[in-house]
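Structures given as structure tokens follow.
Two complexes follow with chain A in common, the first pairing it with chain B and the second with chain C.
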Partner chain A sequence: MLSLRVPAPTSFDFRRFNAGGLDRRWRLSRDCLFSLSPDFAGRGIGFGVRSAKSEMAPFTAAEEETLPEGLQPELMPKHVAVIMDGNGRWAKNRGLQPWDGHRAGVEALREIVELCGKWGIQVLTVFAFSTDNWIRPKIEIDFLLSLFERTLKSEFDTLAKNNVRISVIGDSSKLPESLIEVINEVEEVTKNNTRLQLIVAVGYSGKYDVVQACRGIAKRVKDGEIEVGEIDERLIEQELETNCTEFPYPDLLIRTSGELRVSNFLLWQLAYTELFFAQELWPDFGRSGFIEALMSFQQRQRRFGGRKS
Partner chain B sequence: MDLKQSMLLLSSWIAQIGDVGLDLLWRFVHIVVSLWYIFSGIFEAIESYAISLGLIKKYSSINFEKLRCLAVVVDIEEARDVVNVIDLLQWLTTIGVNQVGLFDTQGLLKKCKDLILETVPGSMLLEETGEKDLLPDRKRIALEFISSSDNKEAVVKAANILLQRYLKSSHPEKEKGDDFFTEPHLNEALRVVGENVQPPDLLLVYGPIRSHLGFPAWRLRYTEIVHMGSLKYMRYGSLLKAIHKFTGVHQNYGT
Partner chain C sequence: MAEVPGQISCTGGGISQFFERVCGYSRRCLFRVISMGPLPNHLAFIMDGNRRYAKKCGQEEGSGHKAGFSALMSMLRYCYELGIKYVTIYAFSIDNFRRKPEEVQSLMDLLLEKIKALLEKESIVHQYGMRVYFIGNLALLSDQVRAAAEDVMKATAKNSRVVLLVCIAYTSTDEIVQAVKKSCISKSNDIDASGIYKHDDTDSDIEGMDMEEQEKRIQLVDIEENMQMSVAPDPDIVIRSSGETRLSNFLLWQTGNSQLFSPAALWPEIGLRHLVWAILGFQRSHSYLEKKKKQV
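Entry: the complex of A and B
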């Protein structure tokens, strides 16, 4: 049975056991076990142990150069999207409260943001809170939103120093005023940063995005801003919330916790996105999982719906 | 040779022996991992054949309550070999799947619609089926043929219907659009332009690319997506296993 995750195919395909594929997996394993980078050593050996860092380590020019062996810089995806699933289950498995899982999830996100910045990925979009999550218990929602606010405030300086631009997409009408203020400030101050764009989807869904795009176009037509007889694909794409980035279409989508769905995330934008479903719960998804996802992406044949030449 | 030189030589030998030892250990681990992958692949193949022969009881009956609508995405190159698609549909009919949406980006399967309907026993177009046609004991399969034109183009057409309604409203200057542009409105407009908005419960992707290749995005909200590999190497056992696994999935729907 094949889920959208290497390395288990449904068919017994001898082509998988080619030297190149094994060699890359070999190098991946070696990288995971024997990595000597200071941040890896500080985080433990990947058995769900993660040190609670107070802030992100700065990216350095030297670290940007050193991709793990097996990853090719010219094949790195420009835009990676992540569905950060599994915080609640991670906490439940350890007999902890859901908010402990969300805190651990923030640590995992920090690590991935660092890696994206170091490895030349230009856009990272993370699905933090869906419109469908509003039905969760109020106490959990309040905690999540306050955690997001606190994290933005605490990481703001480091992200700004690391030339990271932050954008937040989603329906903000239900967000607390204090959070909206922090979001506006962070977006404004980081808007000219160019190294990495971190897009956080809060109160977002793919269907909401399409509907608000259509609504936005209609309003512009009504207000006389644009004169169009008809809506077309180009107009919708300009109005989608992902218009905040130069690369609105993810090259790679990663979803953790073993679920095989996109759960209403970036529906319009995912047509030709490579899908990677990881078994780990989000707090356990770190450098090795990310490397595996990137290696899988680089190995896959990518065609955008056309014919082979 | 004095003591210092001897110590340096000894430490050099120890380092070299250590390096060789670590290298051998690493190669041994590499061999073990490689063998594990080989044996797991062999096991999967054997399991698949065992499932096909009905030797594994748990796959002999499947609860289809959760699988009302199955979608199959076929890579454009693989869609050219319609025989494989027909075989797949015959297997799905045997398994008991009632409704299948067939998608390829360029609509090749749409063009072969008549051939497929003539060749697959019990098959009929989804839009021509009634409730009685899809009862479990009827061994019928309702087919829907989908292509990229049913994705963004369809949403654009639906959006234009809503735009016209909005502009023709009695007081457009007062309307914010919230009463005209909502998810239910877009659903309804998609139906008006002839699109099926029913979300598939399970989407099987056949081809080298692990992507849904532009399947109508509006329908994919909570669809399980499984990559099945190449259509050329498809196996009945793997198909049955994928469907069986899906019936055991629990969805939270955001809670």
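Entry: the complex of A and C
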């Protein structure tokens, strides 16, 4: 399922584990990640452990990978959005614990982020935590958010080094102050990075975004800045939280695990987005699934209501 | 004894009627079986592929839209026979005005003809007790089409058995803009300008806020009640024909949790099997979702 975790940049400065030293259980509690489902309950709390083997070398411009055969560079989407669904089911199918599923999910996300950076995709938006998830027990939410905070802090340097810009969108009103501070700091430090913009949707839903945009507009009307009659689509676009990027509208939305719905992830921004529903569970998605989604995207005829002559 | 031509045509007509009766009976049996599981309350259709169908058949474009209309009538009958109360169709998008003027005019002419036909005695409206809504920026339509649409809405206002929502001169973003404007106007005297989420608006602050102040802030419900589509519940299923998998600015607000199906068939080729397949898919995921809801 979706993880409330730092979206992986292409490499990490892992604390190296001494296999013979620490008790595995203690390491789990120190370095675990939580995940939550954006859909209804039932996926369970998960712990994902970053393994030493998943450390990757930072990519540089010199290592820019040529596209796989079949993909055309001029038809690559600029903005890809992902609903990472299926970690819990993946673990259950294998008789594993939910945190193993989320651990595998982290690896899958890491791979996709790296590929986006290498293949020239400029924006990747991931659905980490939905407004629907606030109905979970408070103790679960508190633990999850504190882990998210610790992970962000530890990944700070790596993000900066890899030229990845992090933006967090969503309703921060319910987040702890300390987490908000860390988010603001990460956003500030990485704001000039240009390789890839990683947008993490936390406490987000499409309707929430439109409502907060509406409030922003209402304020401007009240201040006399604009008239009600001047409210149009462009004005709403400017107020949506995806105004943090030059390309706010995903060209392609991928949802894994076979569910055929968008679950209130983005709304306005999906007006003309090509939707791709992959059967695989998120941990199985990986490079081949991503290539399949991109190939499907490149074959689509996008007419935007007009006519293809 | 040799049969005379009249007898042959009577026999031919009789066979055709018999065949129709058998089909109808089979369909009703099938619907009875499907109805044992949960049924969607609201189905939405994006009727894509009419022009490609005409091209495929080597005919002029207009014939594709006419064939599409027949397919629509069949689908409506199936839906209402099955007991689905609400059906929404994407008839004409605001984006479609960008097409060639001749094509737009021919579409408008067809729409006018079919809208007027809804008021005829033998029409589907009377057969099913249908209430019709025309959803969209009707001011963008010609006076004739708009007047016809308004007549139909007025004439069917008392019907309540089934509902047809026709999205015409519609985009979801336009619907949201209109709802936002209405919300601003209705709250314009008491909007709390400080009620912007990104500031220190924690739950405790909101609770500490004066109740009156809270009411001044635009809420989700304010926008929702001003949406034109608020006359119907959210769609359970959206079916887009012709294999394209995108919403094209259709019901973005309402389809957050809708099941999306995109059969490869062009709209005039859409048939009962596609509807049944979509409903079976809905029933499969419906039980999973209900289970998840109970676990919350």
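Following the convention adopted for this analysis, the second predicted complex is superposed on the first by the 224 of 309 C-alpha atoms of A that agree within 3 Å, B and C clash if a C-alpha of one lies under 4 Å from a C-alpha of the other, contacts with A are read in each partner's own complex, and residues count from 1 in each chain.
In this text, a contact is a pair of C-beta atoms (placed from the backbone, for glycine too) under 8 Å apart; a residue touches a chain by one contact, two chains touch by 3 or more.
Owing to the predicted nature of the structure, the values given are computational and were not obtained by experimental measurement.
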item: Contacts of A:174 with chain B and chain C, given as first, second, both or neither; value: second
item: Which superposed partner A:72 touches (first chain B, second chain C, both, neither); value: neither
item: Partner chain(s) touched by A:130 [first = chain B, second = chain C, both, neither]; value: first
item: First (chain B), second (chain C), both or neither touched by A:260; value: both
item: Touched partner set for A:243, first chain B, second chain C, both or neither; value: neither
item: First (chain B), second (chain C), both or neither touched by A:218; value: both
item: Partner chain(s) touched by A:184 [first = chain B, second = chain C, both, neither]; value: neither
item: Overlap of the chain B and chain C footprints on chain A, listed as residue numbers; value: 135, 206-208, 210-212, 214-215, 217-219, 221-222, 231-233, 236, 260-264, 267-268, 270-276, 300-302, 305-307
item: Parts of chain C lying in touch with chain A, wherever the complex brings them together; value: 51, 93-96, 98-100, 103, 171-174, 176-177, 180-181, 183-185, 187-188, 191, 193, 195-198, 200-203, 206, 217-220, 223, 244-249, 252-253, 255-261, 281, 285, 289, 291-293, 295-296
item: Contact footprint of chain B on chain A as seen in their complex; value: 1-4, 7-13, 16-17, 22, 25-26, 29-30, 130-133, 135-136, 206-208, 210-212, 214-215, 217-219, 221-222, 230-233, 236, 260-264, 267-268, 270-276, 300-303, 305-308
item: Chain C-touching residues of chain A, taken from the complex the two chains share; value: 39-42, 135, 171-174, 205-208, 210-212, 214-219, 221-223, 228-229, 231-233, 236, 259-264, 267-268, 270-277, 300-302, 304-307
item: For the chain B and chain A complex, residues of the former touching the latter; value: 26, 29-30, 33-34, 37-38, 40-42, 44-45, 48, 76-77, 105-106, 148, 151-153, 155-156, 159-160, 162-163, 166-167, 172-173, 175-178, 180-183, 186, 205, 208-214, 217-218, 220-230, 233-235, 238, 241-242, 245, 249, 251, 253-255
